[in-house]
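Sharing a structure with you now.
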Amino acid sequence: MDDKICLNVGGTVFTAKMSTLRKYPSTLLGSISFESDCFVNEDKSFYFDRNPELFNTILDYYRNGCIHLPKHLCGWLWEAELKFWKIPLTEISECCHKTMSSFKKRQDISNVLRAVFATQNQSECTPTSNIGKNCHRLWLFLDEPSSSIWARVFSFVYLSIVLISASLPCLITHPGIRIQHTGTDAFLKKAEFINLTFWMNTDNPKEMNLATSEQPNWLHRTNLAVNFFFSMETVFRFLTCPVKKRFLKEWLNILDMYLFVIMWIRYGVIENYDKDLITNIRLAYFLCFCEVVSVLRLLRFFRLAKQYSSLRILFITIKDSVKELLLLLITFLVFGWMFANLIYYTEIREPDSFPNMLVGFWWSVVTMTTVGYGDVYPVGPLGKVVGVLCSLCGLLVLAMPIAIIAGNFDNLCRQNEEREAYANVQMSKKQKTSKTACNISSIIPANK
Amino acid sequence: MDDKICLNVGGTVFTAKMSTLRKYPSTLLGSISFESDCFVNEDKSFYFDRNPELFNTILDYYRNGCIHLPKHLCGWLWEAELKFWKIPLTEISECCHKTMSSFKKRQDISNVLRAVFATQNQSECTPTSNIGKNCHRLWLFLDEPSSSIWARVFSFVYLSIVLISASLPCLITHPGIRIQHTGTDAFLKKAEFINLTFWMNTDNPKEMNLATSEQPNWLHRTNLAVNFFFSMETVFRFLTCPVKKRFLKEWLNILDMYLFVIMWIRYGVIENYDKDLITNIRLAYFLCFCEVVSVLRLLRFFRLAKQYSSLRILFITIKDSVKELLLLLITFLVFGWMFANLIYYTEIREPDSFPNMLVGFWWSVVTMTTVGYGDVYPVGPLGKVVGVLCSLCGLLVLAMPIAIIAGNFDNLCRQNEEREAYANVQMSKKQKTSKTACNISSIIPANK
Amino acid sequence: MDDKICLNVGGTVFTAKMSTLRKYPSTLLGSISFESDCFVNEDKSFYFDRNPELFNTILDYYRNGCIHLPKHLCGWLWEAELKFWKIPLTEISECCHKTMSSFKKRQDISNVLRAVFATQNQSECTPTSNIGKNCHRLWLFLDEPSSSIWARVFSFVYLSIVLISASLPCLITHPGIRIQHTGTDAFLKKAEFINLTFWMNTDNPKEMNLATSEQPNWLHRTNLAVNFFFSMETVFRFLTCPVKKRFLKEWLNILDMYLFVIMWIRYGVIENYDKDLITNIRLAYFLCFCEVVSVLRLLRFFRLAKQYSSLRILFITIKDSVKELLLLLITFLVFGWMFANLIYYTEIREPDSFPNMLVGFWWSVVTMTTVGYGDVYPVGPLGKVVGVLCSLCGLLVLAMPIAIIAGNFDNLCRQNEEREAYANVQMSKKQKTSKTACNISSIIPANK
Amino acid sequence: MDDKICLNVGGTVFTAKMSTLRKYPSTLLGSISFESDCFVNEDKSFYFDRNPELFNTILDYYRNGCIHLPKHLCGWLWEAELKFWKIPLTEISECCHKTMSSFKKRQDISNVLRAVFATQNQSECTPTSNIGKNCHRLWLFLDEPSSSIWARVFSFVYLSIVLISASLPCLITHPGIRIQHTGTDAFLKKAEFINLTFWMNTDNPKEMNLATSEQPNWLHRTNLAVNFFFSMETVFRFLTCPVKKRFLKEWLNILDMYLFVIMWIRYGVIENYDKDLITNIRLAYFLCFCEVVSVLRLLRFFRLAKQYSSLRILFITIKDSVKELLLLLITFLVFGWMFANLIYYTEIREPDSFPNMLVGFWWSVVTMTTVGYGDVYPVGPLGKVVGVLCSLCGLLVLAMPIAIIAGNFDNLCRQNEEREAYANVQMSKKQKTSKTACNISSIIPANK
C-alpha cells in the first residue's frame, strides 16, 4: 500500500497506485513524480485543473488497459482530454470506438453541409472599381435570389421560363398543334418518288405527322425567344462571375453551357438545311439526337435548389450514396438477368411468350420493381413459379439499399435542420455582439 | 498556484484557478470576488446552492472555451443552469447544440399537440344566462362527442348519415337503379331534332343513360333529407358556437358551409329549370360542376377525427410535412416530365405507342409509382431501357421523402402517446389533490 | 446562511438550505428535523443510505420545483428512489416523463410476451391419478411439440396433413382431375328439361364442369380421412386438456371446433341429398357456402406458431396495431371512395371506361395499392390527372400506418430477442443454483 | 448505526451498513471483514482501487437486491466490474439486461464481420519451397485482387469474361442470330415422318427456330473458349490453394466446380450425339436441363464481392435473416393460398376468370406483391372485395419482415463502417509503433 498516491483533479480527490500508473510511461500520469510542477506539497497530492467526471475513465485506462468511453459525453471533450493526458486516441477499445467515430462522421457531414450552403453568401469579395461594382451587382441579381427583392423576382421569372421551355417540346410534337403543309397522299407519292420509304415507316402516324406538318409560327418564335433568354443569361452570368473557376465547377452551369452549344448548332442546321431535311437521313438523325440530348434542359428546374434546401440535401444524398446505388444496380441487374434466363428456359414450350431472352429481362425488371405492365407474363406453371420468386426477390433486393439511401437522406435532413438552428442562434449572437461592440467603440474613444 | 480558489457547489468542492474564471468577466463566476455574498469565510470557499453534477460542464467552459453538454440530462436543466451562471446559450458548441435544439423541438411539438387536443375541452367558458346555457348544451351535444352519452349517440348518427350521403352519388348515377323515362330511340330522334348531338355523344352509354332516365323518387327524397340534416346541423352549430372566430378557422366547418351553399344552389337550379336541362348546355355543365365539387362531402367523414386521435395526428403530420410533400411533387414532376420527353423520342419509330408527349408523361407517372396499368408501355429496345431507368428512378425519388413523412408520423404518434400518458398521470394527481384540498378546506374552517 | 444543513448520502456530503427543503413538507426531506433518526450528532449531518448519484436529481427538485430525470438510469431505480424520498411520481416534468413512461411501456410489453410464451410450459399442474397421467401425456403429445421427440414427430405429421388438406380443394375442383359422368349435351338437355338454366349459367365452363363431373374416388376418401384425422385430434385434445377454459380461449381451437361442425354437416348433407343437388338450389348454395367458409382451414397452418416465435410475434403485432390498421382502413376507404367519385365524374364523357362508381372504387383501390391490373384506367386527360393524384395519395396514405406497424413488429422482435437472451441467462443460473441447492441439501442433513 | 462502515473506492468515500452488505455473502463486499487486506487501519476504511462512478451501481445492488446498469457505460466495463466484485452476471435485472445483451450481440456481429473480412489477408502462411512460393504467388494472382496490380487486372478480365459468358445464352437462343440450316417446310415433313410432333409443338416459333437453325460458328467457339477459361481458372485455383478445406467451404468455389462438371458433360453429349438430338427426347430434355441449371453461372459475378464490401454485407444479411425470410415465405404462401381459395369460390359464377385454383394462387401472389400484370383479375363484385383485402393484406404481410431485413442490413452496414474506421486507426497505430519499435531496437543494442 506504500505506492498509493493522491490525485486532486479539479477539487475531487482520487487515489491510485503508482505501480499501475507506471504501466504507460509515455503518458502524462505515467511520467509524474514528486518533483513535477503539479505536486502540491501542503496536501501531498498532485493537482490537475481538469474535469473530475472524465478522470474516472482516464484512471480506468491504467487499471484495465483500454479506454471505454461513456456515451453521454461529446467526442470533442474526449479528444481534448486524451490529448491532455497524452494518451493516444488509438487506445480506445473497439466497443467504444463508435462514440468517437460517429462524432467525427457527424463533424464531417456538418462541414460538408456548411461548405455547400456557404456558397450562397460568397458576396464577401466586393470589388472596388465602378465597373466591378456593377458587374457584381448584376451577378448577385442573376445568381443570388436572396440578395435583393429584384433578384427574387428574376428568379421567379427564370423558373417560369424554364417551365415554358419544358412544355415546348410537347407542343412542338403534338399532332393537334402542328399545321399540316402537305397532304398525306401527296407526301406518300413524293416519298415513293425520292425512295424515302427505305428509312421511313409510312405506316407510323407519328413519323407521317412530323414529315407532313410544321410547328406554327408563334411556337417557333417562342422557342427562339426562350433560347435567346437562356443564352443571354448564361453569357452574362459567366462574364460577371467573380470566380470563373468555381463557375465551371457547378454542374448546373456546365449544363447551361452544354445546352447553349446544342441549341445554336441545332438552329444553324435547321435554318440552313431546312429543305433538305426530309431527303437527308443523317441530318434528320442528327437533329433528332440534338432534340433528345436537350431533354436535359428540364434539369434547369433544379436551379430551384438555390432557394430550396431540401432539394439540395437530396442531391447531396444521391452523391453520398453512390456506393448503395451501385450495389442496387449490380444486384438488380445480376438477379434480373438470372431470372431472364430462367424464365426463357421455363417458358420455352409456350408459343406466345418470351420470344427471346431480352424480353425475359424486360419482364424480370418490370416484375422486380413491381411495376407489372402485363405486356409479357409467364403462362406455364413453371414460369409462374419463377415469376413468384422473381417478384419476392425483387422486393428484397430493392428494399435493402433503398432503405439505406432513405436513411441517409433522413440523416442529412436532420443534420441540416440542426445546422440551421445553430446558424440562427449564432446569427442572433453576432448581431447582439456587434451592437455591443458598437456601443463599446462609441464609449471607448470617450475614455481616451 | 496562488490563484487557486475553492468552489463549494451543493456540498462538493471544486478547485479552479482565478485566472481561468476571469476569462469571461460577464458571467457569474467571472465576476466573483472575495467580497461576494457567496464567499464563506469559515472554509475560505465560494458556496453555490446548485447541482454539483452539472457544475463540471460549467467549469469546463472556462477551461475549454466552449460548452459541451452531456446528453443524458434534460435541456430544461441546462437552460436553467446556464441562466444561473449567466452564460449565454450561444456558447454551446455546434456538436452539442443538438441536445438543446432537439429539446426545444420536442417542446414545440408538445405545445402544438396540446393546443390541438385542447380544443376538445373548451367548455370552460360556461355562460350564465338561461338561453346561453341551453345554447351551450346544444353546442356540446353537436360538437363534443365526449361531453355526454347523447352527444356520442348523435356523433354515431352523424357519421352514419355521412355514410349514406357518401353512397348517394353512386346510387344516383348507377344505371341499374335509375328509372328510364324516355326510350332510347325516341330520345335519339328528339336529340337530333333539337340538335343536341353537337355537344352530347350519343354513343356514350353513360351519357345516354343519364339523359334518358331519372333517379327514383325515394332516392331524391333521401338526398333532400340528408342535405337538410347537414344544413340544419351546420346552422345550429354556427348559432350555438361560443367563439365564432374559432368556428370559422376550422377547415371542417368551412367545408360544411361551402357544401351548404353548393347544395342549395344546385337544388334551386334543378327545381326551377328542370325541363330546360337537356337543351341548356351551360346549366348542365354548371350542375355537373356542382356535383364534382361536392365530392368533398366525403371529407365530412374526417369529423371522426374528433374522437380518433390517430387520424388527427395524420393531419398534423401532413400539415407539418408540407416541405417534404413539395419536394416529392417537384422531383416527381421534373423526373416524370424528363422521362416523358425521353420515352417520346426513343419510341418515335414505334407506330402504336406514345402518340404524344402527354401520354409519355402519363406513362412515366404510372411507371414511377410502380402502378403499371399496361395501357401504354415501351415497345422498342431503347424505350425499354428508358423504362427500366424510369422505374428505378421512381422508386428512389419516392422512397426518400415518403420515408421522412412516415418518420414524422411515427414521431408525432409517439409524442402523442407520451402526452396522453402524462395527461393521465396529471389527471389522477389533480383528482387526488382536489380531494385533499376538499379535506383540508373542510378542516381549516374548523381550525378557524 | 444559517439554514445551511449537511446531508450525507451514502458517503457523499451535500449541502442544502433548510428553507428550500421546507418547500415540500409532505416529502421526506421536507419533514426532517434535528430530532429525526437520520441525524448523526457527531458530524452534524443527516445520514441516508442511498445512492449519491441519484440524490442530485432529488435535491434539484427542491431547487427547481420539478424533477428532470437523467436518461441513462433505469426507470425502476427512479421509481424506488422517488418512493423512498416520498415524492409522488406526478412531480416528474413533462419533458422527462418519457423516461418513465417508456420504461413502463417496455415492462408491459415484456409482461405480455412472457405471458404469451409461458403458455407453452403449462405442464406444471401434473395430475396424480393414473388416468390423469395418461391424459396429460396425451395432451402434451398432441399440443406441445417441444415436450418429447414423439410429439415433435406428431407435429410434423400434423402439419403435413394440413398441407394435404390445403391442397384438396384445388384438386377437387380442378377440371383436369374430375371425372366426367354426364355428357355435356345430355346434361344440357336435362337442364333445359328441369328448367335448370334459370339459376345456372350453361355458358360458364366452370359451372358446367362441376355439374357434369365428380371427384375421383381416391380424392373423396382422402378428404374423408383428413377430416376424420382433424376431428379426432380436436376431440382428443379437448378431452385431455387440463384447463378447458383456456382451451376455449385460444382462437386456433375455436377454429378447429368450427371446422369440425362445418365439415360433418357438409358430409351429412352430401351423403343424404346427393341426388337432389342439381335440382335443389338452396342445398347447392348451402354447400357452396360451406366450402367457402372452410377456406379458413388453411389457418390451421398457423399452429406452426407453437414452435415458431417469429410468427407468434407477428400475430401479437397485428393484435397490438389494431389502432393503426383501423386508421389505414378508414383513410384508405375515404380517399378511395373520394377518388372513385372524382374519376367517375371526370371520365363521364369517355364511353368505354368506368360504367359506374363502384368500378371507379375498384380502380382507385387498385391504383392506391399500386397493383394496377390495367382492366380499367382513366382515358381522358382530366381522368389521368386524377389518376396521378390517386397513386401519389395512395403511396402516402399507405406508407404512414404501415411504417408504424412495421416499426411495432421490429420493436416486438427485438424485445423478444432480449427476453430470450434473459431467459437463457436465468435458466443457466437456475440450473447452477439447483445444483448448489442439491449439494447444500445433501450436506445439511449431515449437519443435523 | 453501529454497523456503518466506510469504503474508499478510488479516492471517493462511500458509507454503507455492514448488515446490507452481508446479504450476499458470496460476493466480495459480502465477505469483507476488518482482517481483510483491503482494510486500511489509518482511516478506518476499506480501500479498493476501482472506478468510483461504477461503485454506486454495485452498492445499489446490496440496497435494492438487483442490478440496474446505467446505459451510458460500455458493457465491457460492467462485465469486468461485476467480476471484480464477484457478483454473477445473472443478477442484472430484466429491464437493464438489454445493455449487456446488446453489447454482447454487437461483439458477436463484430467478430463475424472481422472473420469474414479477414479471409482476404490470409496470406500469412507463406511457404518456403520454391514451387510453393510460385504456387502461392499464382494463388494470390488468381484469388486476391488486392495483392498486386496484375491480380487486379486479372480480376477485371475475369469479370468481363463473366459478362461475356452471361450474354452467351441470350445470343445463342436469339432468333436473329441463329443460322437456319433446314427450311421450315422440309423440317415439318421430316418431323411428321419421324413422328416428332408427339413431343414437339410445331406451332411454337421458339421450338421451331431451335430445331431448324444452329448457332453461328463464332458463337460456338466463344462459348468453348469461355468455358475453357473458367475450367482452367478453377483447376489452377484449386491446385494452388494453400488450404484445400477452406476452398471447398466457399460457395463460389463449389459453384465453379459444379459448373465445371455440368459444362463438360454437356459438351461431351453434344459432340457425340449431335445428330440424334432431334429424334431423342431424353437427350434433348437432358441438354435443356443442363442449360437451365447453368443459369447459375451468373452468380460468378458475385466474385465481385471480394473487392466490394457492400455486396458481402448483403450476403451476410441474407444469411442472418433466414428466420425472417422463412416467416415472409410462410405467411406469404399461407395467405396467398387462402386468397386463392376465396377468389376461386367467389368468382365461380364468372365464366372467364380463374378456371382453377392454381390460377387463383398466381393471381393472389401477383396482387400481394402489387405487381398486378392484369392477365387475371376479379370480375364480380365479391371477387373485387377479395381483391381489395388481398392487396392490403399483401402490403402488411410483406412490409413487416422486409422492414426487419432492411433494418438488419442497415445495422450491419453501420457496424462494418465502424469496423473499417477502427481498423484504419489501428493500422496507423501499428505503423507508428513498428517505426518506434525499429528505433528502439536500434537504440537498445547500443545500450548493451
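We call the chains A, B, C and D, going by the order they appear; numbering starts again at 1 in every chain.
Quick note on the criterion: contacts are C-beta pairs under 8 Å (C-beta built on N, C-alpha and C of every residue); 3 or more make two chains touch, one makes a residue touch a chain.
These numbers come from a predicted model, not from an experiment.
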Copies chain B and chain C touch via same or different residues, half shared test: different
Selected from B-D, A-C or B-C, interface repeating C-D by over half of its contact pairs: B-C
Maximum centroid distance from chain D, chain identifier (CA atoms): B
Rounded Å distance between chain A and chain C, as computed from the means of their C-alpha atoms: 42
Between chain A and chain D, centroid-to-centroid distance (C-alpha), Å: 30
Multi-chain contact sites of chain C, meaning residues that touch two or more partners: 12, 53, 71-72, 358, 370-374, 403, 407
Residues of chain D that touch chain A when the two form their complex: 8, 10-12, 40, 47, 49-53, 71-77, 80, 103, 106-107, 110, 166, 169-170, 173-176, 201, 203-207, 210, 288, 291-292, 295-296, 298-299, 301-302, 304, 308, 310-311, 314, 317-318, 325, 328-329, 332, 358, 362, 365-366, 369-375, 398, 402-403, 405-407, 409-410, 413, 417-418, 421-422, 425-426, 428-429
Touch list for chain C against partner chain B, complex: 1, 4, 6-7, 12-17, 20, 53, 56, 59-60, 63-64, 68-72, 88-90, 93-98, 101-102, 104, 323-324, 326-327, 330-331, 334, 337-338, 340-342, 344-346, 348-351, 354-358, 367, 370-374, 377, 381, 384, 387-388, 391-392, 395-396, 399-400, 403-404, 407
Residue ranges of chain C in contact with chain A within the complex: 72, 370-374
